[in-house]
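Dropping the structures in below, format is structure tokens.
Next come two complexes, and both contain chain A; in the first it sits with chain B, in the second with chain C.
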Partner chain A sequence: MDVRSQVSMLFHLDKCIGCHTCSIACKNIWTDRKGAEYMWWNNVETKPGTGYPTKWEDQDIYKGGWEKNGKSVSLKGSGKLKGLVNIFHNPHLPVIDDYYEPWTYKYSDLIEAPAQDDQPTARPISLITGKPIEIKAGPNWDDDLSGTPDYARKDPNLQNLSPAEQEAMFQLEKMAFFYLPRICNHCLNPACVASCPSGAIYKRGEDGVVLINQKVCRAWRMCVTACPYKKSYYNWSTGKSEKCILCYPRIESGIAPACMHSCVGRIRYLGVMLYDADRINEVASADINNLVNSQLDIILDPFDEDVIASAKENGVADSTIKAAQDSPVYKFVKEWGIALPLHPEFRTLPMLFYVPPMLPVMASLSEQRNKEQLDKLDPIAKKWDDDWLYDTSTEELWGTIEEARFPLQYMANLFSAGDTCKIKDIMKKLMAVRIHRRDKTVGDLDKENVKKTLKDVNLSTDEADDIYYLTSLAKFDDRFVIPPAHREQAIEMIENTGDVKGSSGFGFIEKPARGI
Partner chain B sequence: MKVLKNLFYKIKLSYILLAIAIIYFSEFSYTQYQGETIFKKTCIACHTIGRGRLVGPDLKDIFDRRSEEWILSFVKSSQSMIKSGDPDAVAIFNEYNKLVMLDQNLTDDQIKDIMLYIKQQSSGSGQTIALTEDIKSSTGMTIDEAGENEVSAGRNLFLGKVRLNNGGPACISCHNVTGENLIAGGLLAMDITNTYSRLNAPGVYSIMFSSPFPVMNAAYNNNKITKDEAFYLIAFLKQADINSANQQPVNYQSNFILMGLIGTVILFGIYGGIWWNRKRKPVNDKIFKRQLKTY
Partner chain C sequence: MDLLNNFLFIALPYVALTVFLIGTIYRYKGTKFKFSSLSSQFLEGKKLFWGSVPFHYGIMVLFFGHLIAFLLPDVILSWNSSPLRLMILEVSAFIFGLSALVGMFNLLLRRKTNPRIEMLTTKMDLLIELILLVQIFFGLWIAYEYRWGSSWFASVMSPYLKSIFTLNPQIDAVSSMPWVIKIHVSLAYVILLLIPFTRLVHLLVFPLSYLWRPYQKVIWYWNRKKIRDPKTLWNVTRSKNN
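Up next is the complex of A and B:
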């Protein structure tokens, strides 16, 4: 057992209102620079939809992530041999049009234009070429309300859905959607690190943050291809690749990352998880049916004596172990089991977990004859002439789960590598908590039924209350349990980092005689 | 006393005469020596004195045929004389295969020294002067006896497959010989495919050893071609000259472009094969194309 600590994240999708405050906070701090304009280290996309960059989930196009290769895994689009063959021509790179061409407006024309017959306008100007452009796309182009059929119907997660299920979604696409905020997953088995020919990308030992060394990066852009989440971006101005740094300067000083700090819906949680690094290879190459379970299994119980002892042996600080014990992420993911990683089938073992959204899934649409109601309205009142009712009430306890607006398969494609049972379990748990809270606060439900729902999903009332508390009432310190950075113990303080300099890249090469 | 005085005068006179003679003769032999040095350096590659024509005419008794002024100006710049239409100069130019005699960077005095030397050698008592006697290999083989082995040794030397002993550059760097099994040579100097029939063995031989062409002279001045090497090269050139009569001209210049084009097609074919499934266009291409453009 090789216990290490990982600062991991949890996004509660039921709470996301899609305001993009996180994206703006991140942009203002990190990517408001030349060459980085098109980057959104944090972006929020709607599902169903093709996301940013467009169709990033379709690895037949971008060749990101790992694929199972016998007993182990190999990179789909890069790696030693493929990387070497393609090193001067990386054939699966996204181009700027796959993201979007960033632009601003020529505001100076508004005040500096000479007197003329027409009102001056601020034309859009490309932030790359500096010339006027026709705006073709943006990071959320045609995105809300699930966008046009061009975007929603091309969602790669729709595969494996029966034609009937797909048809149902297409009928509903104009009103059913949810938001999916995404940042770098700071994976346990990061494809970007594995793909880098320069050895510029590394996973920090103390908290598992994946970083790109800007001095070592040689712009091969293998990481851009390799990251299946497309969260490594190439800066065309500096000639280096960049990615989300989980605001490590903030974390080190005990402040939550900017996107999490600013989150209006308070959907974001951050906490330490302890994991067994010895098992990464085994877990990453697990059978597809067992993928999610084994990825969750690698996370260790921070209260277990053996785990604590082994962690201490590895130099994990006591304060970090304490943070792991208090971690809200651990509770959601392991204790309550209501959070899953995004696209575990990419086999990078992402450390960002999502509580799947229930609302758009659980409600149903029914046709109503509202004539009576309409007749009661004032004659000058606006009358809606549709007959649809957005209905969240249920006859049966689990009725809406079975006949969900979003087929469970769609959610399963996103969060559990296609396993609908996992999603159903989580939905039931989330539903049970709501029923339990309704019973507590309103008290209009049949007591027996309430007990039965909790028993069905193996939740005690205390646990249900805890879930409710951490979901709805959690304060800043409950949501962000940030371990002290212990910079005084950082490797560069106690070891000469020059000892390992030059031993990265393709295996352990011999250093040139002239030195590095 | 008178006898002594007479004796003294006689001795004095003879001393004076001796001194004059020494001065006179040393001056003469000095200029003669100068002439010999320059002749052997610059002229001997193409001319003989009394040994028949080589690249250029035999210079024995040249003064019976031409005036000194004519020779002087011809040596200085044969081309300008030919251009000015001097009948003798044109005749000589045509007679000797229109081979240009290079303008010599010599002063009038130096040319006169050479003429003095030629005059002296031309007179009955003088020796005949030429660079070589008969051209033979170290084993005593003559050019006419040279067989396939010698020709192939010459070809290897020409192509640079075998290095010249003293490190001189391979002939092909500057010269082209058209023939089978030969790649196209350099274009810096003459095409020497048919040089053998124009200059014959002694001509070629003398140019190899004491080239009148400045660049070739500089190239081989410190890296002399050995006698055996010269023998093989001449054997090769002779064979190349004979073969060239039946030789289809190999034109590498146009083939080169063609091969380049074919190579490019093959190379791009390989690239296309390796990256056949590359991402060719943005995923939104169709959407972009459908969008309305305002400008």
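Up next is the complex of A and C:
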């Protein structure tokens, strides 16, 4: 057992309101620079939708991630042989048009235009060429556009949904969508690290943050292809790749990353997970049916005596072990089992977990024309003036999940490598917590029924209350349990103390100018 | 004439070698951030294929061809002892030369016609690409006009280059060469000299070590076991990430 610690993340999708505050916080701090204008280390996508860059999930196009190759895994679009053969021209590299061409407006025209009959306008100017451009795409170009033929219907996750299911998803009255915020997953088996010919990308041993050493990056651009989440971005101006750094200077000083700190819906959680590094290869090459389970299995119980002993042996600080025991992410993922990684089938072992959204699934509108049918429904079911029913009844609880207007298969394609049972289990748990809380606060439900729903999903009332607390009431310190970086070492994480004595800040000592 | 020959074949190679060595070491140590292939594929991918791929594969074969002829002239001479094998060598080298020429031309064309790429183009990029284009063109000219290059390179150029590296330059043979060959040789020195001032530095950091390193890379900033060891003193070592 080779115990390492990983700062891992959890996003509760039911709480995401799609406000993009996280994206702006990140952009203002890290990517508001030349060559980085198009980058969104944190972005929020509307699902169903094609995402950013367009259709990033379709690995037939981008060849990202690992694929199972006999008993082991190999990189899909890069790797030692493929990478070096294609080093002069990477056939799978997205170009900037797959994201969007960054632009600004020529505001000076508004005040400097000569007197004329027409109102002067500020024309869009490309931030690359400085010439006027026709805007074809931009940040969040498909925001809230569920149902549109150009975006939602081209979502790669619709692949194994039947045509009828797809049609049902996109009927105007029944259409639903949810938001999917994404940052770098700081994977345990990162494809970007493996694909970098220069060896510029590395995973920090202490906290598992994946970083690109800007001085070693030589623009071979294989990481952009290899990352199946397309979270490694190529800076066309400096000729270096860049990616989310999980705000490591903030984490080292005990502050939550900017995207998480600024999150309006408080959907984000951050905490330490201990994992067994010896098993990475075995887990990454697990059978597709067993992929999710084995990825969750690699995470160790921080209360286990053996785990604690081997962690200490490995030099994991006591404070980190304590943080792992208090980790909200561990609770969601392992204790309660209501969170899953995004696209585990890419086999990178992502360490960012999502609580799947229940609302678009559960908010199933069914047409109730039959009086008998109406009478059979639980009295708590909300009855609309017309024949439509917003069905939240407990009697039909487990039934409505399967007849949801958002097919479970779609969620399963996102979070569980196509396994609908996993999603169904989680939906049941989330619903059971709601029923339990409704019983506690409103008290209009049949007690036996409430007990039965909790028993069905194997949750005690205490656990249900804990889930409710951490979901709805959690304070800042409950949501972000950041392991102390140990002040005496925090500076060394960036630079040697002796070297930076007397200097201020961090980052580039030399100007990050393009090579000569 | 002697003065020019002395300059081109004695002074220039030593100046070029010195500038190349000092320049690249200085740049690698001092401005490591700027060591990059500066790929522009992200802004334009399709035309790059028809430039970069034929150019790089062509120039690589030609470079190693010249290198082998310089280091192992006997091998080349014995290979060339049969006319058929000589023809195979010369024709295939010529094809790779054409590939490099077409590739370089396409790269220059792309650089001048695509507004995005033009924005990223520096004067040195244009200079080095023009020199390379001329150099490849002269190489092809020589291969066609002064046959058979692989044989006379081994018997004339190799001894001259060796004499340069043994600090005892013998330029009699190379001085009597036609002017086309003289220009080709001098331009080679100019390219060597320009390497530290251009994007050509990327060929010095070709990532061959990728072939034998493990795929995953984990860096610990500090050996915590060592820190916690009460028996040792505070151990001043550089952090491993920089």
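Some points to look at:
Simple rule for what comes next: the second predicted complex is superposed on the first by the 449 of 516 C-alpha atoms of A that agree within 3 Å, B and C clash if a C-alpha of one lies under 4 Å from a C-alpha of the other, contacts with A are read in each partner's own complex, and residues count from 1 in each chain.
One rule holds for everything that comes next: a contact is a pair of C-beta atoms (placed from the backbone, for glycine too) under 8 Å apart; a residue touches a chain by one contact, two chains touch by 3 or more.
Please read all numbers here as calculations on a predicted model, not as lab measurements.
Residue contacts after overlaying the shared chain place A:89 against chain B and chain C alike.
In the superposition on chain A, A:190 makes contact with chain C only, not with chain B.
By the document's definition of touching, of the two partners only chain C reaches A:131; chain B does not. Judged by the touch definition given at the top, the superposed model places A:69 against neither chain B nor chain C.
Look at A:290: by the touch rule set out above, it reaches neither chain B nor chain C. Comparing chain B with chain C, more residues of chain A are touched by C. Shared-chain residue A:159: touches no atom of chain B or chain C.
Applying the stated contact rule after C-alpha superposition, one finds that A:221 touches chain C and leaves chain B untouched. Overlap of the chain B and chain C interfaces on chain A: residues 89, 91, 93-95. Against chain B, the residues of chain A that register as touching in their complex are 50, 53-55, 58, 61-62, 85-86, 89, 91-95, 97-98, 132, 134, 136-137, 150. Residues of chain B touching chain A in their complex: 274-275, 277-279, 282-285, 287-288, 291, 293-295. Within the complex formed with chain C, the residues of chain A that make contact are 75, 80, 83-84, 87-91, 93-96, 128-131, 189-190, 193-194, 196-199, 201-206, 211, 213-221, 224, 234, 236-240, 280, 315-317, 489, 492-493, 495-496, 498, 508, 510, 512-516. Against chain A, the residues of chain C that register as touching in their complex are 31-45, 48-49, 52-53, 55-57, 115-116, 118-120, 122, 124, 197-199, 201-202, 205, 207, 209-211, 213, 215-225, 227-228, 236, 238-239, 241-242.
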